[in-house]
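Both of the next two complexes hold subunit A, though its partner changes from subunit B to subunit C.
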Partner chain A sequence: MAASTTFRCSSLSSACRLLFQKQTAGYRQLRFLSSSSQDNSASDAVSAAPENEERDPFPVFVQPRVQELLTRITGFDLMKVAGPQKKPLQRPIYKLMTDEQLNAELSSAKERLQHRLQMPPYMKPRRPHLTPLSVDPELAGFDKSNYVFVDISFGVKDRKRSVVIREVDGTLRVAPWDVKERMNQIYNPREGRHVVKPSMFEEANLERMISEKRYQYVLDRACCQFEPDDPDFIRTTHRVYNAVDQCGDYEHLRSTRHFGPLAFYLAWHSSIDGLLVDMLDRDKAQDARDLVVLFADVHPDSSCAAAISELPQQDDDVAVIKTYLATDCKNKDKVELSLRAMVDSQRSKGKTQNSSL
Partner chain B sequence: MAASIPMINTIMKRILILGSKHNTGQCRTTNLTWCRTLMQSQRRYQEESEAQENSEEDLTPKRKIVDPETSIRYVHSPEFVKGYGDKPVWFHYRRNFKGKIPPPTRENCIRQGEIATASPCPICRDEYLVLDAKNIKLLEQFICPHSGEIFDSMKTGLCQTQQKALTVSVMRAQDQGLLEMKLPFRTYDYEDYKS
Partner chain C sequence: MPRLPQRKSFDIIRLALHGCTNRPFYHIVLTKNTRPRDAPPFEQLGTFDSMPNIHNEKLVSLDIERIKYHLANNVALSKPVEKLLGLGGLLPVFPMSYTIAKRNRKKMEAATNDTEEHLQEEDTEKSQ
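Moving on, here comes the complex of A and B:
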């Protein structure tokens, strides 16, 4: 802890003294060392973390089945995905097309836009590196400030880039995450990310933006600014997800890239009832079923998962939701009421269609 | 000769609008209904009698200094609507320059604490307009609704000092999340996060 504070004090002077090292033999050794120490520090920190946080959500999140469910419930509203956006003014392009060409153009545009719904990864907060790479007391007092070594060889990705610090007392350690991100932004700047964290993510400003219901902007900017396993990213997004869940503003995030992570968050924390009621009220039976299946996938040990796997016909939406109602539902009355209302409305719709035929 | 008479008339009108001594809040010309006298502070080279008045009471500042909170209240008040209508504050401002090609706007309108020009820029002419990060309604008038960019000073007529202040306060407002900015789309490679 003390070491990191000394670094912050002298961060300015050390930034001036950045040393660039390309792939020398010694540096390769360093990189090897850093990777081994990360493993050590991770195993050290595991014992300190509480037991229920030990499970890593990311492997569950990237399962193809879970991804498919999340994409399906996100929906695709063309106006929301590709609605009016602020961009530099340009002249419109007019083209004369046949119907076939127009349809081909539309479908290719839809394919391109699917990419805009790529979900930000849902991860657990990263852990600080604790164990030093090497302690060399004979180097103590070599200078008045810390030295930062950054690997700037071509083609290294930001997450794989090794950044190490030689401290004044001679200790060599992997740089803290904030230093690593600052170095990444200096050598490999990414548009939309600032070296200094925007004050928008401070508590007071965040509170104001959430009360103004500007959820999407907060989440978009958090994606630009932070890595998905940054504790700040996780705090901000969870804060927004909670607010959305409490106010029932799921419609704000539907058809955006954040709806999947929102649903996953709710499923992970076993509080999907609000979202389920919202889906049933909007007559989205298929989505509601997908959400229950997602819940069962995320919690394979729960009684709901066992009950669903024993169902004779798994395609029946209402049956799956009823299974959830019978097992893990916390707010039974509300969900049951919405389910009944939805079934009734579907039945009456079917009747009118039959009579019109 | 005939052509010069209307020109003299317009010049006289301008002098009447900007240089009215008695700032009662009413416009003297009848055909410009949007206008009210915006300036209340002293100008340089004002008439002698007034200058003497000012010298007697030395403690009063030459130009009224308004804090951002007051400015925000002003921008939301009916008085503001009466002065500017539903148009941006720079909409009716006309620059005063010789020749066909407009030169860059002037460095500043206020020198040594008082207005030093006959046609100060839209922000300088009204001392109750203060550019601040929290004054969102005012800042939005200087941002293009389609592209999200700050308007050029050649379009709005702001002096360079105020244009800089505008840029800084827009950036501050974006930092605090008061104004939205255009964000790039970030693509994730899931492979990076495995392991």
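Moving on, here comes the complex of A and C:
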């Protein structure tokens, strides 16, 4: 206590020594703002939540096999990924190229466009921080407003940034998520993100957007505005995925970055039948098979997964879909009908090709 | 001609006022103690916005890594900065913060007591 007053005393060196001693002691006592202790506090808050919660989808989502399946069923429609977009007018650029150069340019463009299909991660909602860092009733009423402390050290990522708040009643706690997001946007602004949540994401406005079928716009904007584990992000995206599933508008999202998470959402909630029927109706046997395999990967304990692992030829699309039909399918008639129609059309196609040969 | 003794010169982390009329805004800076308040600093270590925002928060940003480095190098701290670091949990809470908190609490108690007395007086007047 006395050390702080020594700052003004005449002998500067002793003051500095005292200050330093006090500071080092302080570090030992409380290092709330350092990144390592921040992690600890975060884990404390996590452990405070109930244990018997549903399992975390994120580790399943990032499995390389699941990612591969999702990218494969997303597809790559060049017109949809890089089709005409509203842009300010500019002069076209003409170049004279050999075939070789043109092919190289095309392949590089395709590689570039693949980045646009990077999927937003599918996570469960983050938990609030509950345990305060320190409770100090002696400090209650030190000011009329809360103090928010933000670490702006060089190279700290937004997700790793430590933000703490000293409340009027003297408690020091890790800032709630909304405050943290706000601070990130103030001290490290990102294009397309707003400090105040756009009213578009309110329930009533969201309904209107969905009824107008502007799924991609809503999802793109949600990706921009929210972190993937933000409850608002999860609410918005799930609402849109539900609407897409109900209306059967899967084609809206095919070849966009949102198709993978949509498929994963449906697989996670065991309601892939609608998407499966849509794929079969569009003669995408490979995609339908991938979807069933994805379902089996997401639910390794299900009877479908067991049946598929026992299949003699796992490459046979129709056989895999049939095992799903026999085990976990909820809407058997519809799927079976679509499957039969697809098989028939494939057979007739094969016949016409044979006859033409 | 008697000469004034030369002031001791040392590095200090303190606040520099950068704002406009009726709108204070502070930079937390590292400078020499003898330099003018708003002179170009050696290094800026953070900011402090002393006006509460619509969420009733005062925002402090701190370059924790650099502040720790300078603290390890025996740099001095001005009282407001020490108070801020204390509230932020980087240092022990500044003693004066406790005193001020106590005074504020006392004031608030007195104010509430006053209003209660007033209310009671009004009640008695009404009943009469």
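For the reader, a short list of remarks on this structure follows.
In this section, the second predicted complex is superposed on the first by the 303 of 357 C-alpha atoms of A that agree within 3 Å, B and C clash if a C-alpha of one lies under 4 Å from a C-alpha of the other, contacts with A are read in each partner's own complex, and residues count from 1 in each chain.
Keep this in mind: contacts are C-beta pairs under 8 Å (C-beta built on N, C-alpha and C of every residue); 3 or more make two chains touch, one makes a residue touch a chain.
Just so we're clear, the structure is a prediction, and the values are computed from it rather than from any experiment.
Touched residues of subunit A were counted for both subunit B and subunit C, and C has more of them.
In the superposition on chain A, A:Pro228 makes contact with subunit B only, not with subunit C. In the superposed model, A:Val62 lies in contact with subunit B only, and not with subunit C. By the touch criterion stated above, A:Leu89 is placed in contact with subunit B alone, subunit C being left untouched. By the touch criterion defined above, A:Asn205 reaches subunit B but does not reach subunit C. When the two complexes are overlaid on their common chain A, residue A:Ile152 makes contact with subunit C while staying clear of subunit B.
With both structures placed on the common chain, the touch criterion links A:Thr327 to neither subunit B nor subunit C.
By the touch criterion defined above, A:Tyr217 reaches subunit B but does not reach subunit C.
Put simply, subunit A uses no single residue to touch subunit B in one complex and subunit C in the other.
Against subunit A, in their complex, subunit C makes its touches with residues 8, 10, 46, 52, 55-66, 71-72, 74, 76-77, 79, 82, 84, 87-98, 100-102, 104-105, 108.
Listed in rising order, the residues of subunit A touching subunit B in the complex are 58, 62, 85-89, 115-116, 118, 120-121, 123, 157, 159-160, 190-192, 198-200, 205-206, 208-209, 214, 217-218, 220-221, 223-224, 228-229.
Of all residues in subunit B, those touching subunit A in their complex are 144, 146-149, 174-177, 180, 182-188, 190, 192-194.
Contact residues on subunit A toward subunit C in their complex (touch as defined above): 1, 4-5, 7, 12, 15-17, 19-20, 22-23, 25-26, 29-34, 133-134, 136, 138-154, 162, 164-166, 170, 172, 179, 182-183, 186-187.
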